[in-house]
Structures are given as C-alpha cells and as structure tokens.
Amino acid sequence: MRNKLIAEFIGTYFLYLIIGMCVTPPGAGALTPLVVGVGLTALVYSCGHISKAHFNPATTVAYFFAGTHPRKAFLPFVAVILAGAVCAALTLLALNLEGLTQVTAIEINTPRVIVAEFAFTFALMWVILNVAIAKGTVGNGFYGLAIGAIVAAGAFAVGPISFAAFNPAVTIALCINGFIPWSALGLYIIVQVSAAATTGILFRSMQITNIDEFPKAA
Amino acid sequence: MRNKLIAEFIGTYFLYLIIGMCVTPPGAGALTPLVVGVGLTALVYSCGHISKAHFNPATTVAYFFAGTHPRKAFLPFVAVILAGAVCAALTLLALNLEGLTQVTAIEINTPRVIVAEFAFTFALMWVILNVAIAKGTVGNGFYGLAIGAIVAAGAFAVGPISFAAFNPAVTIALCINGFIPWSALGLYIIVQVSAAATTGILFRSMQITNIDEFPKAA
Amino acid sequence: MRNKLIAEFIGTYFLYLIIGMCVTPPGAGALTPLVVGVGLTALVYSCGHISKAHFNPATTVAYFFAGTHPRKAFLPFVAVILAGAVCAALTLLALNLEGLTQVTAIEINTPRVIVAEFAFTFALMWVILNVAIAKGTVGNGFYGLAIGAIVAAGAFAVGPISFAAFNPAVTIALCINGFIPWSALGLYIIVQVSAAATTGILFRSMQITNIDEFPKAA
Amino acid sequence: MRNKLIAEFIGTYFLYLIIGMCVTPPGAGALTPLVVGVGLTALVYSCGHISKAHFNPATTVAYFFAGTHPRKAFLPFVAVILAGAVCAALTLLALNLEGLTQVTAIEINTPRVIVAEFAFTFALMWVILNVAIAKGTVGNGFYGLAIGAIVAAGAFAVGPISFAAFNPAVTIALCINGFIPWSALGLYIIVQVSAAATTGILFRSMQITNIDEFPKAA
C-alpha cells in the first residue's frame, strides 16, 4: 500500500503542476490540452504498474463501482490524490509567478458545465475502465496513451466551457489557484462523481471486466 | 451484440462531439485535425476489443467487402453509428453555443471534394483493414494510434477542400450543424462508400486477411 | 512481390499527398512537420507487415547495405516508390490548387543543405534499421511511431534549411511541385543516398542485425 | 561496450541537434517542447535496446543509484554523452546560422530555477526508472513514448523559467550556444544531479526494480 500511495502522490502532484504551469500566463496557450494529455500519458506509464495511476478521485469511484477497487483502499487513495493536487497548487503559489496574479476565474454557465463535465468525465472513465480492467485488453501497452489522449481531446472540446477538469482533485487545485470559482466546486464534484459512478455501473453490467483485477488491486 | 452496439454508440457519439465542439468557433482552430485524431485514438482503444470500433458506416462497408463483417450485423451497426453521430449533433444544438449560429457551410468544388474524400477514405480504410484484420499484424497494440493518425493527417491535408469527413455518419452530423451543405450529402456518401468498398475488395484480393476474424466478428 | 509493390505504391503516394497538400498554401503551416510524421506513422503501420514500408529509396539503400534487402528486389522497390511519389505530385497539379501557383522554390545554401540532409537522413535510417531489423527490438510495436517521430523532429529542425526531404522520391515530387529547384536535385540525391549507405554499413558492422530478416524480406 | 558508446553518442548528438535547431530563431517557436519530446521518443526507441538510451548524465546517475548501472561503465557513458552534446552544439556554430547571433541567455531566477529543474528532472528520472528497469513494466513497448512525453510536458511547463534542460549535457550545450549563462551552469548541474540521485534512491527503496537489469546493463 505504501508504494501505491507514493505513486498516486507523485503522479497527481506532477499532473497538476503541469496543468497549473500551462494555464498560468504566459503558459502553453492553445496547446495546453495537448500538453496535459502528453504529460498524463507519461505519468500513467510511470505509475500504472504500481497503483493503477488513478490521479483522480473520480477514477477511484469508477473502479469502485466497476468492482475492482477494495473498499478499505478507497479513502487512502482519495486522500493522497487530493494531497498531491493541493501540494502542486501550493507550489505554484510559492513560485510567486506574476501570471498567477492576473488570473480571473471562468464564468460558470451551469447547464453547459454539467453537460461538459458529465460527458467527458464519462468518456474518460469509459476509456480508463476499458484499457485498464477489461478482459479484452489484458496486457495491452496502450493504456497510458489512450488515457492521455481522451483527456487532451476532451480538454480541447470543452475547455472553454468548464476548464475541462474531469477530476475533483484537479478542480480543487484550480480553485486554489483562482481558475475556477470556489462557488462552483460543489457542482463540479457532484457531476464528476455521478459520471464516474454511472460509467462504473454500466461497465460492470456489460460483464467485460477482467475478474483477475478484483480485490487484489490494492 | 448488445455490448457491441453500446460501444459503437458511445464511440461515435464522442467522436462527433469532439469534432463538433472543435469546429464550432472559437473551437480548436488550426489544431482541430490533431484533436480529432487524438480523440479517435482514445475511443478506438476503448471500444476496439468490444465492437472493432467502426464509428463509421464506411468502415462497416470495408469490413463487409473484406469478408469479416457478418451480413446480419450490417444494418444494426450502421443504424447505431448514425444514431450516435446524430445525437452528438443534437447535443451541440442543445448547448445553444453562440459560435454555432455563425457557421456557414463550406463551398463545394465537386471534383476536388471527390478526390479528397475518395483518397482519404481509401487511406483510412487501408489503415484500418491492415491494423485490424490483417494476418501480419495480429495482436498488435498500435491499431488505435494508426487509425487516429491517418485521420489527423488526412484532415490536415484536405480539411480546407472537403471538411475531411471520410465518414457518412460524421457527414450527416456536419450537415445538421451547418458545416457541410445538405445538397452535398449524397455526393459525400457515394464517394465515401465507393472508396470503402474499393479498399475492402483490394484488401481481400491480396489474401492477407486474418481468417480468424471471419464471421465471429459480431 | 506483387503485394509488396502495391503497399509501397500506396504508402508513398499518400505520404507525398499529405506532404504536398500541407506545404501548398494555405496548408498546415507551422504544424506541417508534425502532420507528416503523424501521417507516416499511420502509413508505416498499414504497410510494414507487407513490404517493410520503405516509401523512400534511401531506405531501400540502407536495408541493402545492412544486408536484409535482396539485390533482385532493389530496382522494383525503387521504381514503384518513385512512381508513387510522382503520381501524388501529379494529383496535386491535377487538383489545380490556387496555392500551388504561388510557390517559389527554397534558396539553396549548399553546405547547410548537405549537413541538414546528411544528418537527418542518417538519423532516419538509424531509427529505421534499429526498429525494423535489429535483434534487440524484434516483435516491437513502436516501429511506426519511431519512424514518424524522427521525420517530424527532423523536419522541424531543418525544414527551413533544406525543406526536410530526407528521401529522393519525395525530393523529386517536391521539384515537380516547385518547392525545391530542379538544379539541386542531384545534390539532394547524392547526399541522401550517401547518408543511407553510411548508416547501413555502420549498422551492419555493429552486428546487431536480426539475421532472420535476411533475404526473406522480398 | 563499443556499441553502447556509439549509440549514446548518436542519440545525444541528435537530441541536442534537434533542441538547438528548434530554439535558434526562427526555429520551431511555441512547438519546441513537443518537437524535443517527439525527437527523443524516436531516439530512445532507436538506441534503448543497445545502451538503454541515457543521452543524459543525470540518467546515468539515477540508474547508478537505483543499482542497475555498473560502476566501471559510469565515466565512459558520461564522457560520450557530453561529447555528443558538445559536438551538436559545435555543429550549430559551424552552420553559422543568422539566428544564433541574436540569442540572449535567459535570466536566472535562482529559486524558480531550482524548483523547476529539480521537479522535472525528478519527474523525468521517475518515468525513466519505471518504464526501463521496473519489475512491473518488463518488456513494455511504451518506454520511448513515456520518456519523450514527460520531457515535452516538462518543457512546456517550465521552459520559460529554466529553459527546461533537465540534463547536464544539454545544459552545457545550451551554454555553448548562448541560451543559458555559463554562470548558472554549476547550479543547474548540482540541482539536476541531486534530483537524479534522489529519484534513484527512492526507486531502489521501493523494491520494485527488476533485478534482471542489474550489472548486465553495460
């Protein structure tokens, strides 16, 4: 368990460090979604064999409902993932970047945010479950690429609408750094967790889960 | 069959949702072809093991002529693929995006559209058949990358000419959202289906099909 | 042999069709090297299992000097590769694109062109030989990605110097469409073939070739 | 050993040639980090099976502390890697590029440079060790992609702060060509080597190293 939590902390810390640096002006501009996907691909490949590379409490929820994440490992994973994202957000503050002082939070159009975050959190979870715990893809080497790719595509698609968080830990970090208003945090988390639970339940009902992934996962 | 149709619906829905969001201003601008390829890569990896990830009636036609798609599964696949694309187009309308009201359909230069859509639908089908049902690539893990890559490259190459649909379901969705004129829909579909049939017949004649893919595919 | 030549024709045709469309204004602009790499990745994956996906007479030269390309298959490969590139160049002319009439050939700074084309043709051949016929990478699934990646990186690096051809067939096609002056064609081909032969000889001397690739390759 | 040193020289030479050409105006502009990652991916795939594709003295340090790089191969690797980077820097000078005369070194904000270079050298080493010598990823085919991806993401994230070297050999080459001031070289190397040693020690303590990689590696 110790190794798994180290891996989740490192992975989530760097995931948000990359996101935060890229969205802080001058940052990576229009290429940001691609950078985040590329970075996530590398981080998933570096941690997947240790902890399954959640880096996202919604992923923990999806695995839980799909039936492969043990109940007793639920809170430790979520706690360390949140800690990783928050530490990265604080690193950004500590760097005292000029660009961070110019940030204004996005405007929230509630129905659009709900559609955007639900749709692409669902898509992300659908990709994760199918490349990480499906019978039909056991032993594949493309899992990191697929997960990074759906995040990149989703972030290009709905970034202007919702800032493309798809991840409660990243959402909190984006609130800390001022990109998403704190008042919207509850909405984001409810939508993201609902989408993750929906995907986990659908996936389980399709009976395509690799049963070898059950409880041994943590 | 139920799982296959669920996978085709989800994959096609998100394929067009990504396309539609990226081409609706402000959208992803010059990076759009790359985003579509990246998204398609993820979606193919998430569904290929379930349904072979057609997401495109032309693909169903190519598999059919190559000899690996069963006749009785032809119409269900095409129907659910069309439904996925149409639902995504309607989602765009429902979001009531300002950018969508500013769209004007591309101008059709018929000979150029024929060359562009024939050439790159052929190239897409050629890539799909060779990475999905060829003897020489059985068990490969690059199929999603290859398919996303040819779509991205083709869309950069001929996007300005034909909007780079290469896919009757995507073409219909692009008509619904106003990017391609309805009057050109018949032309697109005839060219795309002809290219797909040509590729399927050529591929079969080369005798490099993995016969283990025959009829069991659906 | 027939299948191999079909695959080389199709692959080279689409490789140059992508290149030509992307460099013809408006084209793909600053993203062109990436598009070419992405397209090449897809095409290599679609043809590698049939013909080893040369798409480049320099590759045929490198394989020949490395010892895996049979003498009697040398001219047929080169001929069909040249035919593929020329047909694609003629397709561009036939499309009668406005942008093609505005093209002016690059200025040739001979020493820089020699360094650029020698260095990156060497790098391309080094990557190809190591991912396609080395003992240490037998059965890998990354060959298409690696080959597309080195072309993309090399084209970003020296595109402004030499138009980043690294390929005699592509060089001829670029002359036909007016991007490289005909007067420089001989220089390009000498440099590219020299680099390819050098890489083949070095590779063979390292004794890391997978001998199972010998003569059966065509 | 001879083959390993040839591979390290070639790989590092082209890694810096790509970097140097892309950062010299006009260069690859905002796409530079992506190009460097893409090029590194190709080079790692071309040399990994020969020498493990360090291309970076920090990598040699990390492998050494992780326990898989033999003591007697330490100095030869570092020497040839430095030689490769320096030769590429001299190639740039020899090409006499106009853009190189306009270069001014970045301004060094010491605390930010320390954070940026430590964080992403750590992340790079973490990815390398986990994809190259971990028990859980033995035989994977994604190592080159993962390594290129973390460099690209890190370079987008902190390029504006530290020029994103993450590599003492590249740092020296960047000093030669004027991008980083010589006065900062010591700081960079201390930070990079510290990060690499830290990652190697942490990785070893997690007991996830593939013991088959021990001493045979060179």
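Points worth noting:
In order of appearance the chains are A, B, C and D, and numbering begins at 1 in each one.
Basically, a residue touches a chain if its C-beta (ideal position, glycine included) is under 8 Å from a C-beta of that chain, and two chains touch if they have at least 3 such contacts.
Predicted model, so just to flag it, every value in this text is computed and none were measured.
Set against the Cα centre of chain D, the chain with the most distant centre is B.
Between chain A and chain B, two chains of identical sequence, the interface residue sets overlap only in part, with shared numbers making up under half of the total.
Centre-to-centre separation of chain C and chain D, using mean CA positions: 28 Å. Centroid to centroid, with C-alpha atoms defining each point, chain B and chain D lie 39 Å apart.
Across the assembly, chain B contributes residues 31, 34, 141-142, 145 that each touch 2 or more other chains. Looking at which chains touch one another, you get A-B, A-D, B-C, C-D.
Those residues of chain D lying in contact with chain C across their complex are 3, 6, 10, 14, 17-18, 21-22, 26, 28-29, 31, 34-36, 38-39, 41-43, 45-47, 49-50, 91, 94-95, 141-142, 144-145, 148. Against chain D, in their complex, chain C makes its touches with residues 30-31, 33-34, 37, 111-112, 115, 119, 123, 126-127, 130-131, 134-137, 140-143, 145-147, 149-150, 152-154, 156-158, 160-161, 202, 206, 208.
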